[in-house]
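Two complexes follow with subunit A in common, the first pairing it with subunit B and the second with subunit C.
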Partner chain A sequence: MDVRAPMSGTVWKVLVRPGERVETGQEVVILESMKMEIPVAAEFAGTVEAIVKGEGEYVDEGEVLVRLAPAP
Partner chain B sequence: MGERERRLIEERERIRQGGPPRGHERQRAAGKLFVRDRLRLFFDAVETETGTFARYDDPELAADGVVTGSGTIDGRPVFFIASDYTVKAGSVGVRHAQKFLAAQKAALRARRPIVYLVDSSGARIDETGGHHVDPGSIGEFYYMHSLLSGAVPQIGVLYGTCFAGTAYTPVFTDLLVMMKDAAMAIASPRMVEVAIGQKVTPEALGGVEVHAKKSGSVHFVAESEEEAAALVRRILSYLPDSSDGRPPSAPPVDPARDPEEIDAILPEDPNRPYDVRHLIEAIVDAESFLEVKAMYAPELVTGFARLGGEVIGIVANQPAVKGGTIFPESADKGAEFVWLCDAYNIPLLYLVDTPGFMVGTLVEQNAILRRGRKFIFATASATVPRVSVVVRKAYGAGIYAMSGPAFHPDVTLALPSAEIAVMGPEAAVNAVYYNKIQAIEDPEERKRLVERLRAEYRAGYDIYKLAGELVVDELIPPKELRTQLMRYFELFREKHIELPRRKHATIL
Partner chain C sequence: MFRTLLIANRGEIARRIIRTARSMGLRTVAVYSDADREAPHVREADEAVRIGPPPARESYLNVPAILEAAQKTGAEAIHPGYGFLSEKAEFASAVEAAGLVFVGPPPAVIRAMGDKVEARKRMAASGVPVVPGTPDGVRSVEEALAAAEAIGYPVLIKAGAGGGGIGMERVDDPAALRERFEAASARAERFFGDGTLFLEKWVGGARHVEVQLAADRFGNVVHLFERDCSVQRRHQKVVEEAPAPNLDPSVRAALLRAAVLGARAIGYRNVGTMEFIVDPAGRFYFIEMNTRLQVEHPVTEMITGVDLVEWQLRIAAGEPLPRAQEAIVPHGAAIEVRLYAEDPVTFLPSPGAVTSVRWPEGVRLEAGIEAGTKVTPFYDPLLAKIVVHGATRSEALGRLAAALTETSVEGVKTNLPLLRAIVAARAFVEGRYDTGLIEALKRPASSE
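The block that comes next holds the complex of A and B.
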């Protein structure tokens, strides 16, 4: 249950904290790529287990940004 | 009525019942309609039919598993080829293939659209033997599809699971509707397992998720057979009968959003995303936008619409997805859509807001240059009226593909939010003054220098400055965009230009 980078870029802002509950469609990370803000939303509801990539880190397309535990 | 006439009508009626009861049961169990009920969703009536008596010798092979003929959609005659799954799973026997080819050739001679309703398990292997390569066999379908391509519209609907041979018919159509539970693949799961040892379900191999989102091989997905038929009727409303004609006009309708809203739709901050479909709603006639390949490479929006009642094709960067960056997939999508519109005399509107083509190792390996070239090539070769609107960012080579000034659009309009540059200020300053910036040790001083250089760079592409240098033809207030576009497409309706003499380009 992961939120992955839709394109390569740098993590600009992480909008959630471990333990936080997120809803489907909620923005959890904003990437910066091609000098554009790329909001990344959760595709399902859940609880944040881990922030895998911190602010300023480079990520390839498809890499895990945030790990979610599915909502019960 | 005399006996011989009565006999003919009775025999025809028997054939029209389709396959044996077990065939009908199988079709019902799969939640699919019998072909003749299906055809009623498209046409008020089947007006002509040929080859009804194919395989008259075998009562189980009614019409040899395919209905071919014509009907009327919105007052226009349209050919169709529709598989009958109740007859040996719609498999393609020898006569079936002959009927299919006859209908394709008739559509080409008549210069009328053809609709393919595909619900077939593939070649009837016991009948075909090695003759699937003969002229007049299933092998010739794809030759004819190729000759029809761009001459008359070929629209497809994929109903069932369709593997190998017959899976090519769907992908040769100009526009393909796929039922949500259909599947197509070059080989069935059974074949895949034998050939490479992979175990896979039809859905995972070639279901809607695969083809609508990942492979980009289908244009629309339908939830029901009624929806599929309605989509086909709607698709045809944007297309002419052939490459000789123009798309039909309709009464003009006001847009769904007031064009006065356009300025507010576009964020002040050039790096902020917004949904370009809101902009489209404020330009085109209400309810007229039909997005094509909405689920594939959504960073580029493509679709048909009406502007003051006249059909246009729209190619728009989508800043809400991946910042509107052009990827190899979106380049393919754009190239094919532009090519389709040009083939059927549909004028093109480009809405430019892109930071350019994507960069980095992944896209290089995915041939961003070679596939980006296709998009640029398609635009350069499109002789239909073309209008390019610089909505916001036009960085790098992105604007080439988006019909920028060097690509001979009929006019390039810019909104006051427009920015045309080789690259954004951050990247440009870093590229040009890297050594100079790095040489400064004090971080504060370095920051001040970067800020000053960026401001200088920005001033270089100020849109008033560029309008002054005639880089764009006109700078217009956003609320006037719709009316200006209507005027320009009207002005250039009779446009005629010739490409250089040659057989064809070498780019595909």
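The block that comes next holds the complex of A and C.
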């Protein structure tokens, strides 16, 4: 249950904290790619288990940004 | 004139500057990050210096590394191009403090125009019209409601003073403003660490028209006419042309006059651009001044025959403007399109490796890529600019349509399909479009 990078880029902002509950469609990370800010949303509701990539880290397309535990 | 010029930039603009510098007999020095080791601009310069790892802040924004490269290569002047350090007053100051020539305006002018709130105030004070708004921001719903009443609906809510498109939102009445205020403020807090919001009059059916200016140290200021840059997505330009089509001659004259007036008032020097929005009634408002060479400068060069990079270098070297206002005469029409590495529908960036390219013949091409170039996520998505000129606008348009048919780029997604659609759209062909053109094209009912 992960939120993945839709393209390569750098993590600009992480908008959630471990333990936080997120709703479907909620923006959890903002990526920066080619000088554009790309909000990345959770595709399902859940609880943040881990921030896998922190602010300033480089990610390739498809890499996990945030790990979510599904909502019960 | 200095003999060695360092270009503190990359991609198509670095190549463009190298070309003119070389034709003037200057030695050129390129700088590059690890991501650009194989880039064309590195090969084309007389000398190239590595300045750091791929992220811009460690390379193309790395002032000490760039100054060191200049020192090491004996460069006497630095051209910043556009983007990166071009509008950073501290960089211009550091260049001058190192005993080098900065190819651009004095640091104080860059600073004054870079502060969008300050720039508006300076322009308003010198008699240049600005968009009605709240330059100092609003901090509560009550304050916002009172301000919006005075400005008149619809109004735009902006998260940062003059900052990008993030958090920009249009509201049509007090109820909507009341409803949206808290969320917008929270967003501003999250993005900028400051919940202050700025309100501005929303100008419907607006065109984005800008004036190219040039000024020397002897107090001479000229304009090189206007460019229409209304075709935008995410508040970024996609197509630019000169002259602005169907612009009332009296509005054009007033616009050019206002721009020269504003440039004089702030003691501008070198080449710069004043951006305005023009409403359907011909009222125009200053938005901002770009204190550098503009991406779309080629369309002005095509209609005036002026090499703006050459002017920049001559002005920076202390020479007077090469031409007086009367000697700058526009000929025909020019159009530029920007080829971006991005999805043509969602506008999401598309980094990747360019496997093959085919460029059109008989046009002016400013490309930063070639077959084999790896387009990385570290820099902006501009791949190339295609510029055409014609004796008339319709001749230029015909050349552009043909050129876009000949063009292909494989390996990354590009906005080429969108560019072709724009050039074929009736509103564009007739020269009757505003900043809503791309959005209108995306709505199936109105696509043509």
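Methods note: the second predicted complex is superposed on the first by the 72 of 72 C-alpha atoms of A that agree within 3 Å, B and C clash if a C-alpha of one lies under 4 Å from a C-alpha of the other, contacts with A are read in each partner's own complex, and residues count from 1 in each chain.
The working rule: contacts are C-beta pairs under 8 Å (C-beta built on N, C-alpha and C of every residue); 3 or more make two chains touch, one makes a residue touch a chain.
Not measured: the values here are computed from a predicted model.
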{"item": "First (subunit B), second (subunit C), both or neither touched by A:7", "value": "both"}
{"item": "Contacts of A:34 with subunit B and subunit C, given as first, second, both or neither", "value": "both"}
{"item": "Which of subunit B and subunit C A:46 touches, first, second, both or neither", "value": "neither"}
{"item": "Partner chain in contact with A:15 - subunit B first, subunit C second, else both or neither", "value": "second"}
{"item": "Subunit B and subunit C contact sites that coincide on subunit A, given as residue numbers", "value": "6-8, 33-38"}
{"item": "Touch list for subunit A against partner subunit B, complex", "value": "6-8, 33-39, 60-61"}
{"item": "Partner subunit C, residues of subunit A touching it in the complex", "value": "6-10, 13, 15, 32-38, 58"}
{"item": "Residues of subunit B defined as touching subunit A within the complex", "value": "271-273, 319, 321-325, 327, 355-356, 358-360, 362, 424, 426-427"}
{"item": "Contact footprint of subunit A on subunit C as seen in their complex", "value": "55, 166, 190-191, 234, 341-342, 348-351, 376-381"}
